[in-house]
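Please go over the structures that come below.
There are two complexes below, and they share chain A, which is joined by chain B in the first and by chain C in the second.
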Partner chain A sequence: MGLPQTIPLLGWSWDDVIFVVLSGVMLGSALLVVLGRNIIRSGLFMILSFAALAGIYVLLGAPIVAAAQVLIYIGAISVLILFAIMLTQSKGGSAALTFHHQAKAAGLAAGLLALILTVTVLWTTWPEAVAPGVAVATASTVVVAQLLFSNNTMAVEVISVLLLAAVIGGVFLAKREEAPDAGEPTPDGSA
Partner chain B sequence: MTGNEILALLPFVLVVGLAMAIVLVDIIAPHRDELVTVVGVTGLLVALAVTVIAGPLPSGVGALPAGGQQVLGGVYARDGLTAFLDLLFIVIALLSLLFAVDYLKPRALPMAEYSATLLFAISGAMLLAGGRDLLILFLGLELLVLPGYMLAGYAKRDGLSTEGAIKYFLLGSFSSAILLFGFALTLGFTGSTRIDGIAAKLAPIVAGQAPISIGLAMALALLTTGVAFKIAAVPFHYWTPDAYQGSPTPVTGYLSVGPKVAAFALILRLFVVALAPLKGDWLPVVVILAAVTMTLGNLVAVTQDNIKRMLGYSSIAHTGYMLVGLAAFAGAPVGSTAESQGLQAMLFYFVAYTFMNLGAFACVAALQRRPGVTSQIASFAGLGRRAPLLGLTMTLFLLSLTGIPPTAGFFAKAYVIIAAVQTGGWVGVLAVIMMLNAAAAAFYYLRIVVYMYMRDAPENARPLTIGAMTRAGLVVAATGTIVIGLLPPITNAVFDMARQAAQAVL
Partner chain C sequence: MTGNLDAYLVLSGLLFSIGTFGFLARRNAIAMLMSVELMVNAVNLAIVAFGTFVPELKGQGTVIALFVMAVAAAEATVGLAIVIAIYRNRRTPLVDEYSSMRD
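Showing the complex of A and B:
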């Protein structure tokens, strides 16, 4: 525990430095996701970006959100996306992205948005109050569970309905068509 | 949970349960479209009855207290507005089911998935009608639009349908993200996700008459952009024509009514309640949006040769008319009668618009029952003689969309204009713009009527048969369009309900 309170010579606090590093990694890898020519590499950089975001959550005192970020975004969603890319890529097609015609306009818009948001954040006096009931530093799984099943019961239930609707819709759209002339579909899919 | 809380949630739970039941029915007895339709229609009628029983509706109808019943600590509440909108959403679902049966079958598209998805979307709309928490409102919105994307792409083998669905999906997701960002800034600024909590936090800021801070202005801008996308207001309407043209016609009918009214339900909770203290700040934006939306919608509609695109642009124009009602609310002094009248006019407009617009699309769907009939306006040539009843109902819906008395459309427009004139100022100017627009719109609506009665049908036109379900739906829609306009007791009943609904958010 020999670390000084702040970084020697510069006088910055450790939190700030870690934040700058993490957000730098997050933004840089996010840029690589959209600028890269190879879609699989884009997917891998996306994982890095998610991981850096998880680090920022830890820094902000939300370890459970960070854990969920790792489990769901890195563990499940990224892997699914990578699988989807690999399964749907045709051999003949190039792996390079084809949507780069409007890169300049997009860059300009992104820069403008960043500027506006910076001005917004810096020039506004944000109220100190944190959302009620969220004791950030002590957020244990018990607290989260209690919040989920007291104030947010309805939200949890609605999310389950939402997922069900999404699954039904997704399965319908992805389902292979039965042969158009097959009037009577055979059971058990044994066509 | 008390009995009243369960009763307040019951209509929503019933619709969700019905969607699941339809999936189960399809597993037990696959490909039985008639069975699915019967289950769906019966279930929706039950849900309609339960909504009436729960209330609260005018003159003491309904078991719940007139002031509204809160559920689960106030994240959801059933008040006059919830009851009003829920009834409307269930009617929308009912008509959308009836109109789809005869259209989907000849195209070998399954009814079960359509019905289940439609009902999930309607349950999302019902959540928007009663949500009092930003989280619930956002989930309701997603539950509304996600099934909508899928319905837009329902004709998988049709390239246009897929294209429209992709455009709808991309722009829809994008606008949801913008809206969510707005929610996040609002939460950061007020520290509350509750609708009334936000209003309470904002009230002192406004009382000082100081200009609002940049952070709050940014939140307001993002929220406005997000909902403008959802209601398809110009200039956030680019997804509309393609999504409407590509979707199977009954889906287009649903998309032009359901998600639009539901997004207005979000506006009612978000802008009319939560952001009410800032209404002086968002009024100018609404005035401009309304003027541009109705004018551009009508101007572009005139140039369309495809009936679905034309009705799509016409629905954009109608968004503008509804926004005039919102502007009449926002422009009026707090607590005045003009404030309430603006909202009532807007709510009344929803009802009239539901019947006439769904009806018009149902006529297009009936005409296109046989696959291969294009959406070109020329398809309507001679329809008045080929199918006299269909021609007559289509004429009725078009006259109502134009706003000719004594149809529901006339009264809806009249109430909005009266409310706008009462508020006065720039909103009064809007009333003038709206009248000019309504007159200009007559041109393209009546063009269809001219085609139906004054052009000869093509030589090779095959006889047109209208299915029983479509006929039943057309009867309901036509009756609604006439009765709401012509029978004073019904007009008054709808207006009373609208009044009570407006009181719930004032």
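Showing the complex of A and C:
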């Protein structure tokens, strides 16, 4: 009620302010993920980065994707990664222990990639970009449900089979092998 | 700014580059997997942005993004299981010490 439509000095709309803040948080925490020496801290900053990205999805008018982001990435994948970090007990160390010796070349390559992507995006005229201020086309839940369960039913079923296969494969890979009989090395490593 | 596809695509490109750097530079296998997750998220952001701003894609961007998330979850499961299986044998998560197949 008391809020003005735009920020007084900059002339930005509130959406712009939220976008800038969220992207700053997302990129900053992503940088901390890849640069941090302590890998547990990296995992926690990764959660922050995912959360900021969920906010950007809401800003984009995709609330379902935002909810799925919170559920899948923050709720499941991050927890999985934190568990794996703690199981492997990898301690933080010096830069030589954290980074490969080709880290400088990697930084150069990544910087070049960022430059190329940015220049390409800015030089391309994207088709049908809506004018600023126009409400973005929010995909309603009904439309998304229609697409998922009527038009793409087969894909949903395939994804469910893929997830089942991933669960079984994960359990098989990570399960501790029973102690083999004395001697008798298995030739191909199969149980 | 927010009514503009460019801003989201540039943001996605920057996030992807950060993930690329992490994947190339980190020695820890789990840190590499985290960088892959960052890259997957960057691509997902681009997909959702296209889905929002291109009218012909009405709703399709959301559907594709959900599929990408499901596949990424499967990838994370299997990848972390492999890392843990290797760690059990070699007692280290550092990828450049997994050199037994090279020697």
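As a convention for this text, the second predicted complex is superposed on the first by the 156 of 191 C-alpha atoms of A that agree within 3 Å, B and C clash if a C-alpha of one lies under 4 Å from a C-alpha of the other, contacts with A are read in each partner's own complex, and residues count from 1 in each chain.
We adopt the following convention: a contact is a pair of C-beta atoms (placed from the backbone, for glycine too) under 8 Å apart; a residue touches a chain by one contact, two chains touch by 3 or more.
Model, not experiment: these values are computed from the prediction.
Enquirer: After the superposition on A, what does A:A166 contact: first (chain B), second (chain C), both or neither?
Expert: both
Enquirer: With the two complexes superposed on chain A, say which partner A:L147 touches: chain B (first), chain C (second), both, or neither.
Expert: In the superposition, A:L147 touches chain C alone.
Enquirer: In the superposed arrangement, which partner chain does A:A109 touch: chain B (first), chain C (second), both, or neither?
Expert: Only chain C; A:A109 stays clear of chain B.
Enquirer: Is chain A touched at more residues by chain B or by chain C?
Expert: Comparing touch counts on chain A for chain B and chain C gives C.
Enquirer: Just checking: does A:W126 make contact with chain B only, chain C only, both, or neither of them? Give me first, second, both or neither.
Expert: A:W126 sits against chain B and chain C alike.
Enquirer: Using the touch definition from the top, say if A:A155 reaches chain B (first), chain C (second), both or neither.
Expert: both
Enquirer: Where on chain A do the contacts from chain B and from chain C line up?
Expert: After superposing on chain A, chain A residues 117, 121, 126-127, 129-132, 152, 155, 159, 162, 165-166, 169-170, 172-173 contact both chain B and chain C.
Enquirer: Quick one: which bits of chain B touch chain A in the complex? Just the residue numbers, please.
Expert: Where chain B meets chain A, its residues are 16, 19-20, 23, 30-31, 71-73, 75-76, 108, 113, 116-117, 120-121, 123-124, 127, 133, 135-136, 139-140, 142-143, 146-147, 149-150, 153, 156-157, 185, 187-193, 213-216, 218.
Enquirer: Could you list, by residue number, the parts of chain A that touch chain C in their complex?
Expert: For chain A paired with chain C, touching residues are 12-13, 15-16, 19-20, 23, 26-27, 30-31, 33-34, 39, 42-43, 46, 49-50, 53, 56-57, 59-62, 64-65, 68-69, 72-73, 76-77, 80-81, 83-85, 87-88, 90, 97-100, 102-103, 105-107, 109-111, 113-114, 117-118, 121-122, 126-134, 136-140, 143-144, 146-148, 152, 155, 159, 162-163, 165-167, 169-174, 176.
Enquirer: Please give the residue numbers of chain A that touch chain B in the complex, ascending.
Expert: 116-117, 119-121, 123-127, 129-132, 150-155, 158-159, 161-162, 164-166, 168-170, 172-173, 177, 180, 185
Enquirer: Show which residues of chain C lie in contact with chain A when the two form their complex.
Expert: 1-11, 13-22, 24-28, 30-31, 33-35, 37-38, 41, 44-45, 48-49, 51-56, 58-63, 65-67, 69-78, 80-85, 87-88, 93-94, 96
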